[in-house]
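Chains here go by letter, A, B, C and D, matching the order in which they are written, and residues are numbered from 1 within each.
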Amino acid sequence: MLDVKNLHTEYYQGGRVAHAARGVSIHVPQGQAVALVGESGSGKSTVAQSVMRMIRPPVGNLREGIVSVNGIDVRLCTDRQMRQVLRNEIGFIPQDPTTALDPLYTIRSQIKEVLPEEDKRNADQVITELLESLGIVNAADRLGDYPHEFSGGMKQRVAIAIALAKRPSVLIADEPTTALDVTTQVGILRLLDRLRRERNLATLFITHNIRVARLLCQHVVVMYGGIVVESGPIEQVMAAPSHPYTRALLDASVLGDRPRQKLRAIPGNPPSLFAMPQGCPFSPRCANATDQCHEGLPSEVATEQGTRYTCWNPVAS
Amino acid sequence: MLRYTGTRFLQGLIALFFIVTVVFFLARMSGDATALLAPPDATPEQLDAVRVELGLDRPILVQYWDYLQGLVTGDLGRSTSYRVPVSDLVVPGMQATAKLALVAFLFALVLGVAAGALAAFRSNTPTDYGVRLMAVLGQSIPSFWLGMILVAVFSVSLGWFPAFGDATATSIVLPAISLAAFALASIARLTRSTVLEMLSKDQTLFERSKGVAPATLVVHVLRNSSLPVVTLAGIQLGALFSGTIVIENLFAWPGVGQLAIQAINAKDFALIQGIVIVNTLVFIALLFIVDVLYGLLDPRVRRPAASRGKKKRPTTTVQPIDVMETV
Amino acid sequence: MSTMTPTRRAPRRRGLKRSRHSRKPWFSMAAMGLFAFCGIFGALIAPHDPTQNDLAHSLAPPFWAEGGSTTYLLGTDQLGRDILSRLLSGAQVSFLVAVGAVLIAGAIGLGVALLAGYTGGRLDAFLTRVADSAMAFPVLLLAVIVVALYGKSITIVIVVLVLAVWPQYARVLRSEVIRIRNEDYVVMSKVMGGNARWAIVRHIVPNVVPTLLVLATLQIGFAIIAEGSLSFLGIGVPAPAASWGNMLADGRNFMQTAWWVPVFPGIALSITVLSANLLGDWLRQTLDPATRR
Amino acid sequence: MLESGGVMTDYILEACNVVKTYEARGAAAVHALKDVSLGVAQGETVGLVGESGSGKTTLMRMLLAIEEPTTGVVRFRGTPRNEMGKAEMKEYFNNVSAVFQNPFSSLNPRRRLWDVMTERRAIERRAKKSERRERAAELTAMVGLPEDYIDRYPHQLSGGQRQRIAIARALAEDPSVIVLDEPMSALDVSVSAQIANLLLELQENFGVGFLLIGHDMDMIRHLCHRVAVLYKGDIVEQGPVDAVMRAPEHDYTKRLLAASELTSLEIDDLEPVESADAPFLISQPVPTH
């Protein structure tokens, strides 16, 4: 189980502070998948890296909040304890396996590093079975191969094998299909879905594509400018978005219904982390924005449909 | 791998042949050595006799062919100033030079990699600043000036080490340090920047996400960082072999460097030629070893992915990453 | 903000380095300025003739030491030559050699880099191999051959340095040329009907200049050391002309008895090279496209 | 479908039986394109889809005269490019332009934007600086940016703004065809919708033809009149976008569509997981984007 409450993460750069995550809360129960959706600079990857405590001084800091992985607050862990958490509880799938796998080590040795002690004795057999269950044929013959001898999709399967070899309870996938070809993507998505169900994984799925998220996840958390603008059961959020940003995101990405008609695009650009507007980060681009929006953030509002949003002037649905 | 090694070996042979040829013809074109050897008041007949004795009267291509044949059997000709076979001078000289160069190299490599890696892992701490300062100084102080300072302090004032020669076990300390300083600084700098770059890569982030022990992480980072460092180390080892010329003259070390200066002053072309060729042989062997080492370290060079025709074998061992650091 | 850099997205991750932007290296700039000034006008401001022997005043200490006089501000060497004047004269040698070698080698290196990097293919493979071999061939050994064949002179020193240094330029600049050639804006210039000359003149060369500048600055340090080494060995600038290298060689036996003879050229050499290196490092950080803003 | 009256022979820019083979020393020759024909008519948008290694980048390079085909020709207004004289080539370069995928590398960082946008005129040496600046100001307005941006440098702009500048540069000589190589894939969702709108607007106003290369089937469906599917160097399917999307004939098209529909993960008629990767069949020795 992954439970993030009121997380504040900062980056430091040349004396400036970027508030990459401001009061983010996410709850991922065992066996469920939660999508963390946002554009670049929204803070979605920051959350993932905060959970693994990859952000530390002098680069940045988890300033406030609780990041609980199966009841362990990673903010309070010593380095040694944190490694235990990473080793036993969290599986991480990178965005681009080509840059994430170590080119100088065989597949075998990269997977073997994370195997629990009891699996190490018959490592080859365990690894082969794992790889074959992930769709790599003749895995036994390929243990001694190097990453560059695999195709993109196969490399991602190897990366998934590394994440799963630890037998984690939490899986974090950071845009795991963006670097892959379209037809390859589906296979990986399907694999992730199957694994979540079979292994009862608490999955945090980070993506910029809300429609991909819908296939895989039960819940969605939409981030913009470091804050959670809306969250809730994904079907409800997509059917009746409350926050103007969620609405706009859906409008902008739902294509094909009205070919060659103008999309309802959001004007302007996402804000820079170092130049966050006052008040609601979306206010400069928001059609509904009022003076209130430029001044401060409201507290979260819960709807009858079970969704939550952070907005002064939600869209009527 | 075999094919890769074979290609490299062949390239090395071609380079060696090329340099031997250039040196031979340059030396022949530069003038007639006979005049230097014969007494100043020699008669034309005497000069002719010397010429015949040295075989300089024959067509140049015949001389060249003889010379090549000699090389293959290890015959480098006769020194005109010492009046002994060049190989009798160059072989022991090269041994002394190699001893100095290799000791300096090991010193530079071990300390340079350690200091560079330490600085990178502790970047922006006093350790890092210290290493960077020492590295910049190391690249800025000429070896002979450093050597003079070291002798003044550790030999003359403190009397810890001998100031010249190769008589005792500690004789090598001061020349080796003077010689190693520049290479050490370069290796430390390159290691630092490579490791720093490595630490910010996705690869390292992914490795950290595995929760492996810090030692494992360090091994991964260092192994990946070793590729450009190996290239630089090869170049630096070559530079050390030639840098000994200065150090040998300063410390009166009995190597080929000293021999080379003596040969120049005596206009002993056969000897110079021999020294150059033996040195070249050493450099080419070093380059070859670096190439092979590179193949061993990097599976992408050793076994290019068969199914992807596009990955061309690199034409050079030099990595584009941070080549500037090697300057 | 993602640290896992997206492949199909904008390159990021550049920010961090910017914070390390160092302050302007005033010391190095001043030292290099002084070096250039002495390098150009050294002869005009020298108080004495640098080659004039004056055995009556040999080994005079600098003016502040006991027995020193303001006639010879930094003392004299064993032949009674004024050290300050010799330092200034040596600066001229170092300056001429360093700037000459760096400029000529830079021009050759850039030419080869453009030819190899832009053309690619077999020519590139060949030129790269030649440059690699040439670079592996050590400077000092090269000097030994050339001096043995052609004798000692400043010109020979410059020639040797050019031969030694051009492959560095070629190698570094070639990879820059290749990187830039494949940038979309160069491909785009072709789509707009621009020829190779256009791409090189308008796009590649301007974007290579920062690297060239950094490299040249760092090479100045290298060239000064190399000239010093050659002169120290007695195969560089021929005596009695003054060079920091042969001043050190002359003074090597006076470390204990008349320290000023070797120490002043040693310091001049070290500080000049250090300044060039620091300046080069600073330029590299400032001009590096990855950190430029 | 083709309101502007695009009959098969009315293509402005057309690849006819283009074959491209890369010979690599010591390796098997790579057939990047095997007999590909594709054209773009006035005012229409043609989509070109395929995965990495399918040959789309190669085809783009042929169409844009970055490289020449091994056999086959590229025609502009009916004239084969290899038969064109100097004046005709000038026309060609004025009329065929492009927008590339990565807005961060497609603008020379050392040039101001007015200079970037009017580079074509600089190449032809046919305009004074003041005229070029004037044109640049028109162009920035056309793509929805403030006119005073013309004196900025690329790094002062966001990704979306840079892509607008790249589009402005493509428009500079009133082209009749623009080849767009995944122009939205480097942009955020909210920004790519802006660019899609801009493209529609430009086509409406200027009747320019687009060849839109991409892998985002939704965007292709939204923007294109016709679509061609490139697979292993061959066009395996080509036709009106509605027809192809509704009733794909080739297996690969089906797979591609199923993969991008994303209605459900229970698509069992997709090939088995084991071979889910497109094999490395085609690869270009040239660096691609």
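Points worth noting:
Following the convention adopted for this analysis, a contact is a pair of C-beta atoms (placed from the backbone, for glycine too) under 8 Å apart; a residue touches a chain by one contact, two chains touch by 3 or more.
Bear in mind that the values here come from a model prediction, so they are computed numbers and not experimental data.
Highest inter-chain contact count (C-beta pairs) belongs to B-C. When each chain is reduced to the average of its Cα atoms, B sits farthest from chain D.
Centre to centre, using the average C-alpha position, chain A and chain D are separated by 32 Å.
In terms of their C-alpha centroids, the spacing between chain B and chain D amounts to 52 Å. Inter-chain centre distance (chain B to chain C, centres taken as mean C-alpha positions): 21 Å. Among the residues of chain A, those in touch with two or more other chains are 40, 49, 54, 94-96, 99-100.
Touching two or more other chains at once are residues 124, 202, 205, 307 of chain B. Within chain C, residues 3-5, 8-10, 16 each touch two or more of the remaining chains. In the complex of the two chains, the chain C residues touching chain D come out as 8-11, 182-185, 187-194, 198, 202-203, 206-207, 289, 292-293.
Contact residues on chain A toward chain B in their complex (touch as defined above): 49, 52, 54, 58, 82-88, 90, 92, 94-96, 99-105, 113-114, 146, 148-149, 159, 162, 166.
Of all the residues in chain D, the ones that touch chain A in their complex are 51-52, 158-161, 188-194, 196-197, 200-201, 215, 217-219, 221-223, 241-242, 255-256, 258-260, 262, 264-265, 267, 270, 273-274, 276-280.
Taken in their complex, chain C has these residues touching chain B: 3-5, 13, 16, 20, 124-125, 128-129, 132-133, 135-141, 144-145, 147-150, 168, 171-172, 175, 178-179, 211, 214-215, 218-219, 221-222, 225, 228-229, 232-235, 245, 248-249, 252, 255-256, 262, 266, 269-270, 273-274, 277-278, 281, 284. Interface residues of chain B facing chain A in the complex, by the touch rule stated above, are 124, 201-203, 205-213, 216, 220, 223-224, 297-300, 303, 305-307, 311.
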